[in-house]
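Next come two complexes, and both contain chain A; in the first it sits with chain B, in the second with chain C.
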Partner chain A sequence: MDIEITTVESIARVRLKGRLDTPGVDQVEGKFTSSVVTGGKNTVVDLSQVSFIASMGLRMFIGIAKALKRQNARMVLFAPQSQVNEVFNTVLLHQILPIVADEAEAVRFAAG
Partner chain B sequence: MSLEKAATRVTLRIPSSLAGLKQGSEERSRWLSQWNLGEETGNRAHLVFDEIVTNIIRYAFGDGHEHGIEVAFHLADDSLTLSFDDDGRPFDPRTAPEPVNTGSLAKAAIGGRGLLLVRKAAKRLNYERSIAGRNRLSVELARS
Partner chain C sequence: MGKPRAAFSLCIWLHDFVLACSLRRERLFSVLPEQSEFMPQREESPGDRTTIFRRDDTLPAETQEEFGHYLVVLSGAGLGRRFRLEGEPVTIGRDAACGFVLASPDVSRRHCRLQLVADEVFATDLGSTNGTYIDGKRITDTMPLPDGSTLEIGQQVLKHERRSTREVQAAQEIDRDLEKARNYVLALLPVPINSGPIQAEWFIVPSAKVGGDAFGYAALDSDHFVSYLIDVSGHGVGAAMLSVSILNVLRQRALPGTDFRRPAEVLARLNAMFQMENHNGMFFTIWYGVFRLSDRTLAYASGGHHPAYLVSSDRTEVLPLKTRGPLVGVADDYEFEEATMRVPDDSALHIFSDGVFEIADREGRQLGLGDFLPLLGRPAIEGRSEPQRLYQTVRAYARPGPLDDDFSYLVVKLS
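And then the complex of A and B:
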């Protein structure tokens, strides 16, 4: 599992690649959390290269989004693949986190 | 490996640790790759394996010691069954409450969605607590 984080115009852009199962989350959660939560940055997360997610991945997203919300920042997920989108739909994740189609929309939503 | 030659049932014994989960996941993936089951069935098997083994590691024991978890995969004509055997505290996943849908990030629980995903993926779940004090869970998936 790989993670790449850049900050452009005060928005953190996180690109994840691989499988967000328990071992995958273990590999990226520390860097993800320390990079975006510490600064309380609005954050967009590119899921286009995430082929699989299990509940530990959901736990990571919800935990980070809650920590950002306490600092009046928000996290937006974008471009989920089919298995990831199916899991999001099963747990009704869209009711608690914004999930959009592409990066431009995610940036607009995060900045807004 | 041809369909006729590959074993339709395999059993693994893994330690109750992240290293054990990784080892089991690799062996599951290797075994499944011998069959042409399709991405959807493979993903469901991965999901069920990851959720159940993670739950056992995190919640089944409380003594700080590493335990063994036995996992079996059985392929039939129309189903793939994953079976889990552990000596942790009794827990029947069929009776676990559904997560409450709060509709807001502020009120949402961080965790508690794994068994919902397992129940949605499964065709059938069976659980028994053996006389010897072991949890025996089997999760049957439809082959797509």
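And then the complex of A and C:
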């Protein structure tokens, strides 16, 4: 599991690549959390290269989104693959955090 | 013992169990610095800051580590069993005369042989019917079995580990505690029902020693029969602790003022009780259904769970039973939908966890629910329960080693 984080115009842009199963989450969660939650940054997350998500991946996103919300910041997911999106639909993740089609829309949402 | 007191005792027991495991792990890893054969000693003179490492001959004898080669059963019969390889060759098979017996029909009487030569392990297939595989590749001759590799024999998967005997002893102590926890969780699951208008059978294989799945069924009264399955995020001891708590609430019907015949009401009350902020960031999915015998109606609700399925007696119709409902425990203001349907005669209700279908196959491809559903229409196999048949089919598709997630499968036949 790979993670790449950059900040452009005060919005953190996170690119994830690989499987968000338990080992994958273990590899990226620390960096993800410390990079975006500590600063309370609005965050967009590129999921176009995430091929699978398990419950631990959902737990990571929900935990970070809640932590950001407490700091009046928000996280937006974008471009999930169909299999990942199917999981999001099953658990109604969009009720907790926005999931949009592309990066431009995600940035607009994140900027509020 | 009253319900609150029973719940409190359970919490204390689980707390002690996790603490004991933590302490043992600390003890396991805290010995590592003492194992070093060389101890750094600093000798300094003016202008000299060289650090000299000297051999310390005063180290106690117990620091001289003894290593052994072990086979650990990762999946199949005897999960968690550990076997040490010594100098003599060991034959693996289902024949009682074998040095390592695997009592499974897909294992040949004398399946393969392992031999330790100069601190290396070699495996030889003995003309077995189903073959012997090392890390997913079938062997036709004698091949090395490296440390950390898997040995697949039929549906049995074993791992070769070269470990110090002290590590193994500590690991075995943890394993014994985990086995107790596993047995406790299994003891909470209902016994199969083999006769009467409603019959139930199940099969569960945690991906770790204990898992985050649990399920149950019971008569609520003379006219209502409830079935449910819970899947807590993650697996292992932490997830098992929460699933046991939820299971006990449902078994004891310990949600004050709740009508357990109304699925959406039950899920809303569970959601209020198990908010993730109060449960170490964990949430869960659930499918909950209540069958009314008098008019054969099924009321059901889902909390973030994929559908359960109603399978017709001739297996030609597979009907998804899904309502919109969020993950349970994530936010306290959620509402849950409930649906009702009339159940045709002789239908079977299939409720299962996502670990049943979220598997990677032998080529590494990720499979999903759509790949699994056609298996429901396949014929039964005599002598195997339906959940067992489906597990063995999934196991045959999946890559070697334990499944990625807990496999939990419940079938309730509504005759």
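Throughout what follows, the second predicted complex is superposed on the first by the 112 of 112 C-alpha atoms of A that agree within 3 Å, B and C clash if a C-alpha of one lies under 4 Å from a C-alpha of the other, contacts with A are read in each partner's own complex, and residues count from 1 in each chain.
Methods note: contacts are C-beta pairs under 8 Å (C-beta built on N, C-alpha and C of every residue); 3 or more make two chains touch, one makes a residue touch a chain.
Fair warning: this is a prediction, and the values are worked out from it, not measured in the lab.
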Which superposed partner A:Glu4 touches (first chain B, second chain C, both, neither): neither
Touching partner for A:Met56 - first (chain B), second (chain C), both, neither: both
Touching partner for A:Lys69 - first (chain B), second (chain C), both, neither: first
Chain B versus chain C as contact partner of A:Asp26, first or second or both or neither: first
Which of chain B and chain C A:Asp102 touches, first, second, both or neither: neither
Where chain A meets both chain C and chain B, residue numbers: 19, 21-22, 52, 54-56, 58-59, 62-63, 83, 90-92, 95-96
Chain B contact footprint on chain A (complex, rising order): 19, 21-23, 26, 52, 54-56, 58-59, 62-63, 65-66, 69, 83, 87, 90-92, 95-97
Chain A residues touching chain C - in the complex, by the definition given at the top: 19, 21-22, 51-52, 54-56, 58-59, 62-63, 83, 86, 90-93, 95-96
Chain C to chain A touching residues, read off their complex: 231-235, 276, 281-283, 285, 304-306, 324-327, 330-331, 334, 354, 358, 366, 368-369, 404-405
In the complex with chain A, residue positions of chain B that touch it: 18, 21-22, 25, 39, 43, 46-47, 50-51, 53-54, 99, 101-106, 108-111, 113-114, 116-117, 120
